[in-house]
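Heads up, the next two complexes both have chain A, just with different partners, chain B and then chain C.
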Partner chain A sequence: MSMHRVAAPKRIRLLALALLAGVSAGPVFAQGTSVLPIADAKSRQAVERVIASAEAKGLPTQPLVAKAMEGVTKRATGERIRVAVDSLAKRLEQARALLAPSPSAAEIVSGADALAVSVPGPMLKKIRASWPKTQSVVMPLDVLTELVARGIEANKALEQITTLMARGATPAHIAGLGASVQSDVAAGLAPDAALEVRARGVMSLLPSPAAQAAGAPRGTKP
Partner chain B sequence: MIRRAAPWLLALFVVANPAAAQAPSELRLEAGYARVRQREQAPDGSYRERDSDAGLVAAFWRRPFESWTFLASGNVTYGRDSIAAAQAVAAFSAPWSIDDRLRTEGGVAGARFSLASAGRGGNANAFARQHYLTDRGGTWLGAGVARTTRDSRYSHSTGADFGVWGRLGFLYGSGSYGWQQSSDRPLLTAAGQAVDPAARLYTLSDVELVVEARGGPNSLALSWASRRGISGDNASRVIAVSTSGILQVTERVAFTATAGRQLADPLRGLPQAELLTASLRVSFGEKPLPVMQRSAIASASVEPAPGGGGELVVRVFAADTMVVEVAGDFSNWQPVALHREGGLLVARVRLGPGKYRVAVRVNLGGWRAPRNLARVRDDFGGEAGILVIP
Partner chain C sequence: MNDETNHPMERDPLIERVRAALRAAPEGASHQRAVARVLSVAFASPRRSVFRRALDAWRTPAFTRLGAVAVAGAALVLGFVTRGAYVAGPDTEPMTSSGSPTGEFPVVRASDIPSDERLIPTQFILDDHKAASVSIVGEFNQWKVGATPLTRLANGVWTATVPLSAGRHVYAFVLDDTLMVADPRAPKAGDADYGREGSVVMVFAP
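Let's look at the complex of A and B:
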């Protein structure tokens, strides 16, 4: 009985620490101070090990901390949080390999999110191959994730996005495609139809393949 | 032939139960057991208390549209020593376009029953209620009419009620005054309210107080009611105290229980009785949600900002008792309370370009995606919406 009375304030302190940590929870954790307010000590330590392991592998850890915080906010059990964080760590590692040779942290996170909605791994490779290595594929990956989450077949969404990329679309064009589809779906259009119509619209803004072949400049890059 | 009231009584109780009527699921099935004590007429004409066992199966269907909601429910009950009873209710609830703090509800109900105390027959009734709602309280004014048949004799009932409610944190309280006039003599005789056998019309005057604690989908309510019955020159008084609770066991399954006295309700043909019920509620459908169907409430949009990024705006039509919060990776999953803007609850968050995950919860319940965002599973048995800001 007395143990319970002692444990409660401790949990409150941990939660307060986490709240104070706010968006900087990742760096604070990296410094070796546990601020994850997971009540179950065994699970908390397991999550910390997963995050430390990811950090040692050079993977971004902020999404892992955010996933743990999401689990806490959603009142998930410690074990469920551990499983979720572990799964995300594996997706991050897989995404890094698929987006090789040198994906940024943001690209790895976007790739992992795409894998989470069941985008096949080879599609990540295809998106990476569709743009110069120096150009970020974060936006194409994010829009692909959103379109697939809306129920659009991954093949169809990928085809539209890679076609646009091949035609010289910028990240802003790709983002605009996602926003337009979202607005059309909100207005009642089927996601598939919205994607087709909007992709055609974006395409009309891009230089023709003949102009590209003649060396016309591509769209502005961010 | 001895007739039993328990099934009909239980059927009515389930449909009339306010906590059950607020359940969020699109489709819900409920099965339970009840112990019912009521007055029934003996062969010599006297009345005596009788205990009955009964089981029930009930269905509740709720279909939210953009600006109004359709509700339908039906149930069949069967007592071990009685015949079956059935009831159906169809109702709507819609806000006014000029001011969504005004909300109108209305509906019709029909039933067939057999009551040991008050005859065999049926009831048809129509009801309407006008609400004025804010985020911390409200008032209502309602009215109803009914026609009831018992052993081929017709009776009519009319009624009106007025009430106020308020919220303080997780506690909800309400007080109401109701008035009914009825010629349903068998029902009121069984309840001990028709003390003047020569009277043709009976008047009931009710005061009711309810206190309810809510935490997400779980709730516990305590009700106290005092009724003054007038028949001719005579008057009687009866007090009813009851309690009811809902405990959400899993995302799909809830346990509900009630205990206490239920006053006779001439508008619905409901006899007075002592009740003890326990039932399991199972929710079906694509997304059985314990608190509020997400498609009914929240939407999210982005208003582009000069220089890139935008303002995420989450809007919730919540012109009632709801406390709504939004959270996401933008807030490190710390809940942010929505504030009232006119008839809506709104949250505005300035965000840079990127992809964000967003979820909304109502009354500390489950976290759900705003209705117009792409939805993804969240690894915790729930969901989140995703949003890409150019």
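Let's look at the complex of A and C:
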């Protein structure tokens, strides 16, 4: 019993310490700094500076932490991780400017991914302009990225996507286009041919321009 | 009351003496009834407490099964109630919710959640009979090995269902916590940053 009397305050102190550690660890983890397991201290500090700088600019930092962790998991050198994180930070900033005025974090990340596969910056602006400001452009951007990654020319991919958007396609329609082209290319169809065929397929599901002009009901966007 | 019964209490010396004394008394219908009353009182079990009766009832085979079901049901209800109380913290409050017709349970409509934030259960499978463990890594779990393990089914196929936001996701499998491989069933995703090819999945609400 005496042991219990002695141990109880110790347990309370340990619990308090654990709670304190948990509370203080939250913001540190949320910032994404000081927790990166990059062995090279110089590179780690450089990465942390990039992330802190991005945070100060109001950019989403989670993708930067994930990019650093990806490098750790893939056993990249500290310097390579630093370059990758720095490059992503620049793309995030560029994407935010291109998708102005008020892109969501997800839209900024999708824009940065599009830039990573060499989609020209002005195309992001065009995508943004093709839909109302309240409508997320994550899916059109991601499908554009995927089509370009499958080997389709960015111009052709953009044209098909923006045409569908202008005709009232929903994000699900756009996503379906991307998934179908993906499958077709995997099955051996030429990427350009797959895009053309599948875009026609989606188009056939949408109301005609004449019907739109006449005020016919349109498919609602989720 | 049958005197020839072999009830253990019949061997009680006190009862035997009472019985003998009553038998020695003059015969008569009233005496027979008195004997019957005395013996019935003597053999009657003492009044058991509520707890004792409940315990005895619990020990009967039929009630044991019924009790197990009742306890399991109570545990489920308790689990749901406590989980609901636990989950209904401040973190879930920003999500727009509306009341059910009864007004008792909050219901979150899919249309209330911004499309960027909606999570869609996405299944991944890998057919690898040699691996002792398989996990999936991607931006959704910050590429942490082991954070999202796959489960091996009886047929040897590994599977995991991960809630993902709509859009394009790059991922890879990690075998035995060491070997990173692309998904053989999915399109490949190049990796200009680190030079390790992954896979890509397009997630969208059906």
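Keep in mind that, in the parts below, the second predicted complex is superposed on the first by the 188 of 222 C-alpha atoms of A that agree within 3 Å, B and C clash if a C-alpha of one lies under 4 Å from a C-alpha of the other, contacts with A are read in each partner's own complex, and residues count from 1 in each chain.
Please note the rule applied: a contact is a pair of C-beta atoms (placed from the backbone, for glycine too) under 8 Å apart; a residue touches a chain by one contact, two chains touch by 3 or more.
Every value quoted in this text rests on a predicted model; they were computed, and no experiment measured them.
K.L.:
Sharing chain A, do chain B and chain C clash or fit in the superposition?
P.N.:
clash
K.L.:
Pick one for A:73: touches chain B only (first), chain C only (second), both, or neither.
P.N.:
So A:73 meets both chain B and chain C here.
K.L.:
Quick check for you: in the superposed arrangement, does A:41 touch first (chain B), second (chain C), both or neither?
P.N.:
neither
K.L.:
Contacts for A:136 in the overlay, against chain B (first) and chain C (second): which applies, first, second, both or neither?
P.N.:
The answer is second: A:136 touches chain C but not chain B.
K.L.:
For A:116, is the partner it touches chain B (first), chain C (second), both, or none of the two (neither)?
P.N.:
In the superposition, A:116 touches chain B and chain C alike.
K.L.:
Let me test your reading of the model: by the given contact rule, A:179 touches which partner, first (chain B), second (chain C), both or neither?
P.N.:
In the superposed model, A:179 contacts both chain B and chain C.
K.L.:
Which partner chains sit in contact with A:190 here, chain B, chain C, both or neither? Use first/second/both/neither.
P.N.:
neither
K.L.:
Quick check for you: in the superposed arrangement, does A:100 touch first (chain B), second (chain C), both or neither?
P.N.:
neither
K.L.:
Name the residues of chain A shared by its contacts with chain B and its contacts with chain C.
P.N.:
In the superposed arrangement, which is not itself an observed complex, chain A uses residues 66-67, 69-74, 76, 80, 83-84, 87-88, 106, 110, 113, 116-117, 138-139, 142-143, 145-146, 149-150, 172, 175-176, 178-179, 182, 185-186 for both chain B and chain C.
K.L.:
Considering only the defined contacts, which chain A positions touch chain B in the complex?
P.N.:
19, 22-23, 25, 66-67, 69-74, 76, 80-81, 83-84, 87-88, 106, 110, 113, 116-117, 138-139, 142-143, 145-147, 149-150, 172, 175-176, 178-179, 182, 185-186
K.L.:
Across the complex, what residues on chain B touch chain A?
P.N.:
Residue positions touching the partner: 299, 301-302, 327, 329, 332-335, 353-355, 357, 359, 366-367, 372-382, 384, 386-390.
K.L.:
Name, in rising order, each residue of chain C that touches chain A in their complex.
P.N.:
111, 114-117, 137, 139, 142-145, 165-168, 174, 180, 187, 189-194, 196, 200, 202-206
K.L.:
Under the touch definition given earlier, write down the residues of chain A that touch chain C in their complex.
P.N.:
These residues of chain A touch chain C: 62-63, 65-67, 69-74, 76, 80, 83-84, 87-88, 104-107, 110, 113, 116-117, 136, 138-139, 142-143, 145-146, 149-150, 171-172, 175-176, 178-179, 182, 185-186, 222.
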